[in-house]
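In the two complexes that follow, subunit A is the common piece, with subunit B as its partner first and subunit C second.
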Partner chain A sequence: MILGVALAVFGAAVPAFGSPYLMGVVFQVAMWIALAQSWSMLSATTGYLSLGHAVFYGVGAYVCVLLTGTIPFELALLAAAAAAALFAALVGMPVLRVRGPYFVILTYGLSELVRHVVMRIESALGSFGRMIFDVPATEVLLWWMVGLAVLATLGAYAIRHSRFGAGLAAIREDEVAAETVGVPVTRLKLLAFIASAAIPGAVGGLALLRTSYFEPAQAFDPVISFTIVTMALVGGTETVRGPILGAVGFALLSELLWSSLPQLYMIVLGVTLIAFILFVPRGLSGLVGRIGRAG
Partner chain B sequence: MTVPMLSVTGLRAAYGPVQVLFDVDFDVAAGSVTTLIGANGAGKTTIMKSVAGLVSATGGTIRFEGRDITRTASHDRVDAGLCLIPEGRLVFPGMTVEQNLRLGAIAPRARAGHSGMLQEVFRRFPRLEERRAQQAGLMSGGEQQMLALGRGLMARPRLILMDEPTLGLAPVMVKQVFETIEELRTAGFTILLAEQNARVALELADRAYLLENGRVALSGPGSDLLGSPEVRRAYLGM
Partner chain C sequence: MDTLLSGQLLFAALVSGSLYALVALGLNLVYGTLRLLNIAHGDLVMIGAYTAFWAISLLAIPPVVSLVIAAALCALLGWAVYAGLFRRMLARPDLAKRVEANSLILFYGISVILQNLAALAFTSTSRGYQYLDTVITWQCVSMTGNRLLSLGVAAAVCFGTLLFLRFHLFGWSLRAVIQRREAAQVVGVNLNRVQMLTICAGFAVAGVAGVLVSMTEQITPFMGFPFTIVAFVVIIIGGLGNIGAGVLAGFCLGLVETYGIALTSPGYRSILIYGLFVGVLLLRPEGIFTKAVRS
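Presenting the complex of A and B:
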């Protein structure tokens, strides 16, 4: 099933080479799949809802813009992923000590903090946005992004079907009980945090190469975090296909709205989230499962 | 005399500025049932959590099979063969009985041959096998206690810490829990039991410790404490 979905994304990318517009759409869809799937590695498994994943995206973009021109872009993307993972490893210990709403607020606050620090640094350096020249061809970027979406999906699948994932599920159910049965709670949470940060770092780097412009307020935009959470929740957090359904649905919806009613985008995002939490708590994935069983 | 399986000396513990345990000493001999009795707030649960590693000791030492584990992480203590059945049972409510049991064997040492262990737990608690696909949170208190115990056994412990296993259970279930403890002792497990139900606990115990305000007030064979006027007056209502 998972491979099928992954291949479908892959397959969808092939005919896209015809039209630049379609390539753009597929790039966006793959990007959100990669982000939502990475987010689910921590938040869907442990129930620690991160509202600050934009920070990893931003760190990746920043590292990538600093490195671009000095090393091949493939290496810059690897460095972006490594930097995001390293950042998660450094902040993970203190951040993962708090749970529930405190964790949500703390991750959001942390992301905003880093955004403002980077904005300060950049303006102190006299830089108001950095342009990049000599970016790779759009097809190459597209392949990379699709690759990341597939990688994130396989990663999320592997985690859920491993002992690591069983331990994370135990943490979600009852952290104290998890500790009493011998789950290394602190270590597993940190590993999940790092795993969920790496790919968004590379995604941030790729998105930067695509726009060929870096501006901290944009790279660390909290709307990225909100969108990830919305997509994952709308798609459903109980299965690996959930984030894919949410990302595809939302990315396509936003394409429609951007072209017709751009000012409504955020409103629709909010209304959809509320509607799903109230009426479809198990998300699109649960809905699909139900229809599948009924039919 | 042989080395006790668990040896606690000078144990101190605190929640923030509030000290709860004051130089607690006790031993648990291999193959025995040792009981901690005392009123609410005497420190029974804190001792259990300290021994399991969920609360870090601020002083003293905890030795398990001769090895100092005072600073060992809780998951490494489980792997070493020491398992807590927590107060309030704490089953994983959204998971099935079988998923709960399998998680009990997550420690590296328990992983190998955990299917065999699952059969053994089902043999000991046939009720759990009947309910293996049932969501744990929907079971009765007595069944959840059985599940918590079965989940603990999955870790292949040598020392089982049972914290208030009869809390909130119907009398018929209380009786069953104590029968199970007897069976486990016969099967060779060593048990440290914290109980408010002093009479039954003392009847069962090879050795007992009476706790008052975070200190050991009295200790001796279970039958001795059962006969002590102090215990009879304060804890048995006689």
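Presenting the complex of A and C:
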């Protein structure tokens, strides 16, 4: 909670006296916080690990690029979030019946399927990437992105501390037992899936407005999904601050490495992920907690 | 219609089908005995392909010899994974539980590391070499020597493995471990030995497939993932852990893919593969995973 508020204050202060570079960094940090927190609404609570959240980001970006110019960008972003949520609602029922490692590869495959379909549609329309003009000012976009990060954090907090979250935790511990004692597992899973899809849709739209360029292979890039999972797992999935820690850490690391050595960045991402799964299951958040208690 | 009935298309279908069967065979062996869905399996194909490329371009070693080198290299990797991860898991049940819950994400991390290490070491430039590319015409079917060799080796390894499983004592114990792990141990099968040799064999088969692929396709650090997806489709259709049906399913997928592309256009290949992948996962009852956990 405190972290969320601190972040909001920090984000609010930046546009006032920050350099364009600093604004870019904060935009990235806020974007990954929003994505990792949204992911945690489904995956940290229920244990259904999604390796396909890029699909919601991509759907949001696609809807936004189609709508920009026809309606104000605020409405386009709302439409992007709604489209991502609607997509989750449509595929959710069958997809959430599949469990464990199969759910992981299914979400991945679904995201890739949509990516290839959109690529096919775009090339059939004869478009090789779309440029958009008249994008809002960077400060405005940054405000929106920080707002989404705060919203996602508050949402993740609210879900964990509600009856809804208790039901999701029951699904994670033992889905069959939860169903037996009367938890409406199917409905809860579907709601969590939709909740975790909406904000990434808006994030995809915002990221599109910032780069002002849409290319399906990039908008649905599976690296996005992998980065979200890594950030959340390394940060720690047991607390709300976990995804924030992971997102801040890796976003800053990517500022250092991505532009010069993208492959090295991906290797660091992979090695850290494996090391944390094997040796630090509670993530950075658990480490910080332990140090806090000791000191 | 004439093209659809031609031997040319059938030959192309058999070549890709035999490769798919071979790649899936390795994945299926590892899944059957270790209950591990190795999402980095395709990257072993990539390693095999690079082995063949460097062997022929630096040392002038023909791919026929590289088959053995790549198999040995990948088998060594298999042994390293077994000794590094699985032995430790046997000793520590809490670690085993964590790895099981996150196995797919864990191996996706390994896959990302392998791909980016290859990109860092060999650059992302796609590479290729020419070997046995003279055209042989037989009964109005034109084929290149390398494709014929690929078909021959892949089919020989697949059917050789099936015969080995059917008639050799070690093959019997391997099948026993796939069917009933505990019961196999009771009747005196050395589970450790079977698991270790199977992971080596499964990885080696992928390396062999990589050498075969390298004779006809471009080699890139990211070439492996499509093979992983194809192998998943094949073993899910054929039944997880069902080795013989998997080989058959591999050939079937080659037929479906080749004729599907002939009827539409090559642009639909990815959509077809991912569509099949999502389709079979959705239609599969969730029982496959519960069964995997119990055994």
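Definition applied: the second predicted complex is superposed on the first by the 274 of 295 C-alpha atoms of A that agree within 3 Å, B and C clash if a C-alpha of one lies under 4 Å from a C-alpha of the other, contacts with A are read in each partner's own complex, and residues count from 1 in each chain.
The working rule: a residue touches a chain if its C-beta (ideal position, glycine included) is under 8 Å from a C-beta of that chain, and two chains touch if they have at least 3 such contacts.
Worth saying up front: this structure is predicted, and the values here are computed from it rather than measured.
Superimposing the complexes on subunit A yields a three-chain arrangement in which subunit B and subunit C fit side by side. In the superposition on chain A, A:76 makes contact with neither subunit B nor subunit C. Of the two partner chains placed around the shared chain by superposition, subunit C is the only one that A:278 touches, whereas subunit B remains out of contact. Once chain A of one complex is fitted onto chain A of the other, the partner contacts of A:233 are limited to subunit C, with no touch recorded for subunit B.
With subunit A as the corner point and C-alpha centres for all three chains, the angle toward subunit B and subunit C works out to 80 degrees, nearest 10. Within the superposed three-chain model, A:181 lies in touch with subunit B and out of touch with subunit C [touch as defined at top].
More residues of subunit A lie in contact with C than with the other chain of the pair subunit B and subunit C. By the touch criterion defined above, A:263 reaches subunit C but does not reach subunit B.
By the document's definition of touching, of the two partners only subunit C reaches A:104; subunit B does not.
In the superposition on chain A, no contact is made by A:148 with either subunit B or subunit C. For the pair subunit B and subunit C, the model built by superposing on chain A gives 10 Å as the shortest CA-CA distance.
Across the complex, subunit C is touched by residues 47, 49, 51, 94-95, 97-102, 104-106, 109-110, 112-113, 116-117, 120, 123, 226, 229-230, 233, 263-264, 266-267, 269-271, 273-274, 277-278, 281 of subunit A.
Those residues of subunit B whose C-beta lies close enough to touch subunit A in the complex are 52, 54, 73-75, 78-79, 83-86, 90-95, 102-104, 106-107, 110-111, 151-152, 154-155. Interface of subunit A with subunit B (complex): residues 163, 166-167, 169-170, 173-174, 176-185. Interface residues of subunit C facing subunit A in the complex, by the touch rule stated above, are 37, 39, 95, 98-99, 101-106, 108-110, 112-113, 115-117, 119-120, 229, 232, 267-268, 270-271, 274-275, 277-278, 281-282, 284, 286, 288-290, 292-293.
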